[in-house]
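Please read through the structure below; I'll follow up with questions.
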Amino acid sequence: MRRILITGAAGGLGRVLRTRLRAEGLLLRLSDVAEIGEPVPGEEIVRCDLADAKAVDRLVDGCDAIIHLGGISLEDRFSRILDANILGLFNLYEAARAHGHPRIFFASSNHTIGFYRQDERLDAGMPMRPDGLYGVSKCFGEALARMYFDKFGQETAIVRIGSCFERPRNHRMLSSWLSYDDLTSLVTCVLRAPLLGCPVIWGVSDNDRSWWDNSAIAYLGWRPKDNAEAFRDEIERMEERPAPDTPLAIWQGGPFTQDPIVPEA
Amino acid sequence: MRRILITGAAGGLGRVLRTRLRAEGLLLRLSDVAEIGEPVPGEEIVRCDLADAKAVDRLVDGCDAIIHLGGISLEDRFSRILDANILGLFNLYEAARAHGHPRIFFASSNHTIGFYRQDERLDAGMPMRPDGLYGVSKCFGEALARMYFDKFGQETAIVRIGSCFERPRNHRMLSSWLSYDDLTSLVTCVLRAPLLGCPVIWGVSDNDRSWWDNSAIAYLGWRPKDNAEAFRDEIERMEERPAPDTPLAIWQGGPFTQDPIVPEA
Amino acid sequence: MRRILITGAAGGLGRVLRTRLRAEGLLLRLSDVAEIGEPVPGEEIVRCDLADAKAVDRLVDGCDAIIHLGGISLEDRFSRILDANILGLFNLYEAARAHGHPRIFFASSNHTIGFYRQDERLDAGMPMRPDGLYGVSKCFGEALARMYFDKFGQETAIVRIGSCFERPRNHRMLSSWLSYDDLTSLVTCVLRAPLLGCPVIWGVSDNDRSWWDNSAIAYLGWRPKDNAEAFRDEIERMEERPAPDTPLAIWQGGPFTQDPIVPEA
Amino acid sequence: MRRILITGAAGGLGRVLRTRLRAEGLLLRLSDVAEIGEPVPGEEIVRCDLADAKAVDRLVDGCDAIIHLGGISLEDRFSRILDANILGLFNLYEAARAHGHPRIFFASSNHTIGFYRQDERLDAGMPMRPDGLYGVSKCFGEALARMYFDKFGQETAIVRIGSCFERPRNHRMLSSWLSYDDLTSLVTCVLRAPLLGCPVIWGVSDNDRSWWDNSAIAYLGWRPKDNAEAFRDEIERMEERPAPDTPLAIWQGGPFTQDPIVPEA
Amino acid sequence: MRRILITGAAGGLGRVLRTRLRAEGLLLRLSDVAEIGEPVPGEEIVRCDLADAKAVDRLVDGCDAIIHLGGISLEDRFSRILDANILGLFNLYEAARAHGHPRIFFASSNHTIGFYRQDERLDAGMPMRPDGLYGVSKCFGEALARMYFDKFGQETAIVRIGSCFERPRNHRMLSSWLSYDDLTSLVTCVLRAPLLGCPVIWGVSDNDRSWWDNSAIAYLGWRPKDNAEAFRDEIERMEERPAPDTPLAIWQGGPFTQDPIVPEA
Amino acid sequence: MRRILITGAAGGLGRVLRTRLRAEGLLLRLSDVAEIGEPVPGEEIVRCDLADAKAVDRLVDGCDAIIHLGGISLEDRFSRILDANILGLFNLYEAARAHGHPRIFFASSNHTIGFYRQDERLDAGMPMRPDGLYGVSKCFGEALARMYFDKFGQETAIVRIGSCFERPRNHRMLSSWLSYDDLTSLVTCVLRAPLLGCPVIWGVSDNDRSWWDNSAIAYLGWRPKDNAEAFRDEIERMEERPAPDTPLAIWQGGPFTQDPIVPEA
């Protein structure tokens, strides 16, 4: 039986994958800095602060793969992003290097490219345009992952998660939504691929209005099944379409592009 | 209720959209230089020559969007193309500028690129290769639309209509056919998009043999449903396949590439 | 009735097409250097060594199209590849030139590009990277076909066959498999297209994990229907996934990349 | 001796070429709607309104090449642009078609792409972004020229003139300047090239700060010699550098991007 | 008189620019965490640790432009890189935001792309391939700079310094060398450009063997004058050419690609 | 002292390099199927038919590099091209494999791409378009060289020689000329480069009218010095400019595109 580490297991995506991967018979090591709850059979629970290098080293030891969802996922004080997303990621890759290079699924973000317009089509090789400090920290992460691949052969799936929720919640998510089923199939696909390499993957469902072109990773055989368009009527009832000259309609990063720098306390 | 202006309403596409858009509950202002018939409830009829700037100004006043199908759509004397497609289009954009920039659906044409070979795949950014004076007038139109976007923020969908008929009529249309349903869904999609910008869109159904790549406008979420291939047997019974060394088989513009310059009377 | 020449008719693909094309009412001229068996109605059998120019000339005389599957299809002594795939192909094109340029379906191979990585996506215009002498001979063939097109107007479908078997046999074929049905529909499509030109076509089914992008030949209207993914469970039971740092997982050409040069006897 | 027609001969560029080409021993037919002055030996003077088709036909008759500088070269009332740049150009191409397709040097303009940013590098194949009605009329002209090439074999050099003056006059011209010597060598080069085709050429000197990439027309062998940088100190003394957030600093079209639509009288 | 801040003023490049820029009559504020020496007229000396946000804020106050050379420029413990290159850079951009967005020259590095092969030609838009933690920290910096541009309009020249020394010191520097004169002219050019934007610039002289294509920033008008080739004989006397299958010959990053992760003390 | 093998040493390029490389103090092994003459000090003469594998093996033994100019360089009977350019090249690469992979300079040809138009600009990665059997044999050679590089690490400079003569001889050579000096500096450059890899290099001088873009091999540091333009007047006196609608003006391959297939005797 293979042991899979999930960091950020107490967060939204972590809770989704906890249930679904266990159902596939995988042994899960669940970790978070926050409270996760009690383990059920097939689970191990490890409380861990990613900024603590030694703790991260113990956390990774014995794992066959890592699904790294941990860290800050919104604009925040830079000191907090620095600890969790920058130092924390470095600690994780060092631990992986020390323990046989388990394959890593790294939850990067569409906020690495949030300052492209919504009428642009992106492939994964275009220059990054982060929309805030959070996005910048994910650019750091993508660069770190690539370096560990080129230098040490560490395989990583760099997954630029769109908007992963049970259903799309607003007009922007008609383009950016990633369904839970498609997230799960992507994780499975990454874990099973004979050759992973270090690709950048758009974590997005098969939405009619997607901005992102995944054809470069066809070799992985991931074919998302869901389509946010099924929720369009629901969303049009919920909120007004944003006007074409407003940031919500213009930028792929949506509201993040308007977030200020968060001052240190 | 939104009021939509349809120019060229007496023509083939105009009659199709007149019926279908009214069915969606839109208020239609129908215009043509030719006789259109009597309005039914939900319709206004305005006879108008596009070369008459003042008349066009009145025509546009009060409209929330414009579906511009008017003008000449075949090779013709240049003087006629000049009035209808060049001066007429300028008048339309000036009227739109005077009246709050209603969004414009501009029926451009595949004859802007008719001198590409049928074994070439085109995206919308490739240099234009018009196949006659009609095609050149549409190149003018695309340039004008882009200028009003860059200078004044006027949004336009530049739609290079393929061959829009009830069904494909010859071998070439197995590639270029646009069904009435797909035309209608494209119009709807353009009217509803939060951000339109000023994209060039291939107006073509989901034909197996399409020459044109619409991936750049995926953000609009338009997914045509029809496929000319369903009519292949019918067409093969109707006409011989053109020989590979004949203009009908070589050029995307088909017979237009062979049309002479039409002399002034 | 049209007469179609199939070379290499005694081989795997030849036997498949023999049955299927006859079923479409085509008159077949079947040829091989090996024993083919007895003709049934609608068939002619011609024993022929491709290295014999005069015999090839007679073979081609009277044919309306050629499906060229003949020659060596594995690493072999260079002298044998030279005779069958290089001299033999020249003889075939000379015969076609002498007899009215019947359209040619040329079975090239993925081994023209076997030294690209499996995490790369290829279009047909990328520089060749053959993985052995067999692959090099197919590069020769592609160049020869192109020259006869540019110089003499000879149309050829250059088909880089992936792995054409009844079902995929190993992990690599989850990407490279071409089903018999899809091979057949491709042949039919090539024979019927009004304009063929001289395209390079990836001969691969609609596999989830395909490495190859056929969008450039959309104009031919070929839409493969099969998907190797349907056989994934079967294959995963049959063989271990290759490790990511082994040639079988790294190179598109798979085991061919490891074949040594075969010494002359 | 070869006879060269220069339209717009009374304008700035016309006067420059009049002197310089005569010096090369060419016979010049000089034409303008305005007064040109008296002919000297080696010159013919023909007063002509380009909107008059018959007059244009006579004008072109007997010429071996045409340097078309005529028409409006600033924002103006659309009616005037229509007559001079659209109808006038059509008349010119029709006359060329009637008289053996003399090679045409067509003075297009950088205002066909004025809405690209000054920190962008352009090749000649990028989509047009005109900055006003004048620019749009040149887009029309480029499309017309291309159509006459594809349909009738008419060769044209489509030259997007930058800023052609004796010396650069402001900061923008440090990028866009075309010296008189370089203009002259370009004309000569176009007239003498064995194969011209229908290229789009950036009419710009070898300026350090050029925005435009002419590598696609290297086959013509034109190597401009002048460099606006030699005038930088002079310009910095003459005018303030424009601030980076002003249209003069942002757009390649410079002040044209700010011109309003000129109302009809 | 304009005041220019130079961080890292005690380092190699800092000392070069200190002398040369003062000679151009600029007022210099020189800063470093290390000892810099005494100011001469036209200089201010400010000792400053970049990790100290308040000190950085005071440092930037009153400056018209920033030449940011400070931080770690070799592989080092991650904790040191984190403080100097990541937190330090954030502090600098925050200070610039607080003080009117003085233009920034940011010394990034070729080690952001050190894992490209030496037989590859790079433009500035290609995905990053850092060769160590130092390189990764510069990827962070480039992303941060771009975000401050897109979000706040902060202009930065992102300069990927090659190898900046008095003369090239080894075979690799025949490609990567940046002379002091060319560094100086680049700085001047960045300070004076009307529009800078946020370009990525290869900081490399006009070396015959350069790997890097600066054509995208032609608009800045920077034309380096020096050429490492002038030192080839000297270098060939100094050291053996590296063998083609060794990291020094293969990777653009040269020896950095072989550096291990530096352990924390 | 290094020993360099030159095949085809009795031919035009062979004689040029014989003199010039000896002058650089290299020990030369000169080979041809034809008479070469007597060796001088620093030379060895070996008569050799490339189709004789054993003889080629002995020829290569002891050489540190190979300059392969041997074989047929014009349209000829295919049997002769097969022996010299196809079998002969295979023999050469096998011999190199047996003897430690001496670096190879392979004289390929512009006739691998002769069917591109003269108004097209080519980089080395574009699909091949040979203009005859000779060109096809060079396509074979390029594929073979690449395979030996990918499979065995054999470095080759694939040099597409333009027109290498003492001076350009006709209008086409104003684009395609390679001077003897530039040939020599290219050979030297290839022999001395730390990393060669397996690049495709355009063997052409710095001609104003060049069709070919060598920027991809800037890393080699080869800067040709000569320019065919210096001979333009001379050529214009010698021959008429070809008309724009003739093969000599249209195709890069020039007269080769018109050569028929040479019949076997």
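Letters are used for the chains, namely A, B, C, D, E and F, taken in the order the chains are written, and counting of residues starts over at 1 for each.
Criterion: contacts are C-beta pairs under 8 Å (C-beta built on N, C-alpha and C of every residue); 3 or more make two chains touch, one makes a residue touch a chain.
The model shown is predicted, which means the values in this text are computed figures rather than measured ones.
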Intersection of the contact lists for subunit A and subunit F: C, E
Interface sides of subunit D and subunit E: same vs different residues, half threshold: different
Between subunit A and its twin subunit E, rotation from the CA superposition, multiple of 5 degrees: 180
Inter-centroid spacing, subunit D versus subunit B (mean Cα positions, whole Å): 31
Chain centre separation in whole Å, for subunit F relative to subunit B (CA means): 53
Between subunit B and subunit A, distance of the C-alpha-averaged centres to the nearest whole Å: 42
Touching two or more other chains - residue numbers and ranges from subunit D: none
Pairwise touch network: line, ring, star, complete, or other: other
Those chain pairs that satisfy the touch definition: A-B, A-C, A-E, B-C, B-D, C-F, D-E, D-F, E-F
Residues of subunit B that touch subunit C when the two form their complex: 117-121, 171, 174-175, 207-211, 213, 229, 241-245, 248-250
Residues of subunit F touching subunit E in the complex: 153, 155, 192, 194-197, 199, 215-223
List of subunit D residues in touch with subunit B within their complex: 53, 78, 82, 86-87, 90, 94, 97, 112, 115, 125-133, 135-136, 139-140, 143-144, 146-147, 150-151, 200, 257, 261, 264
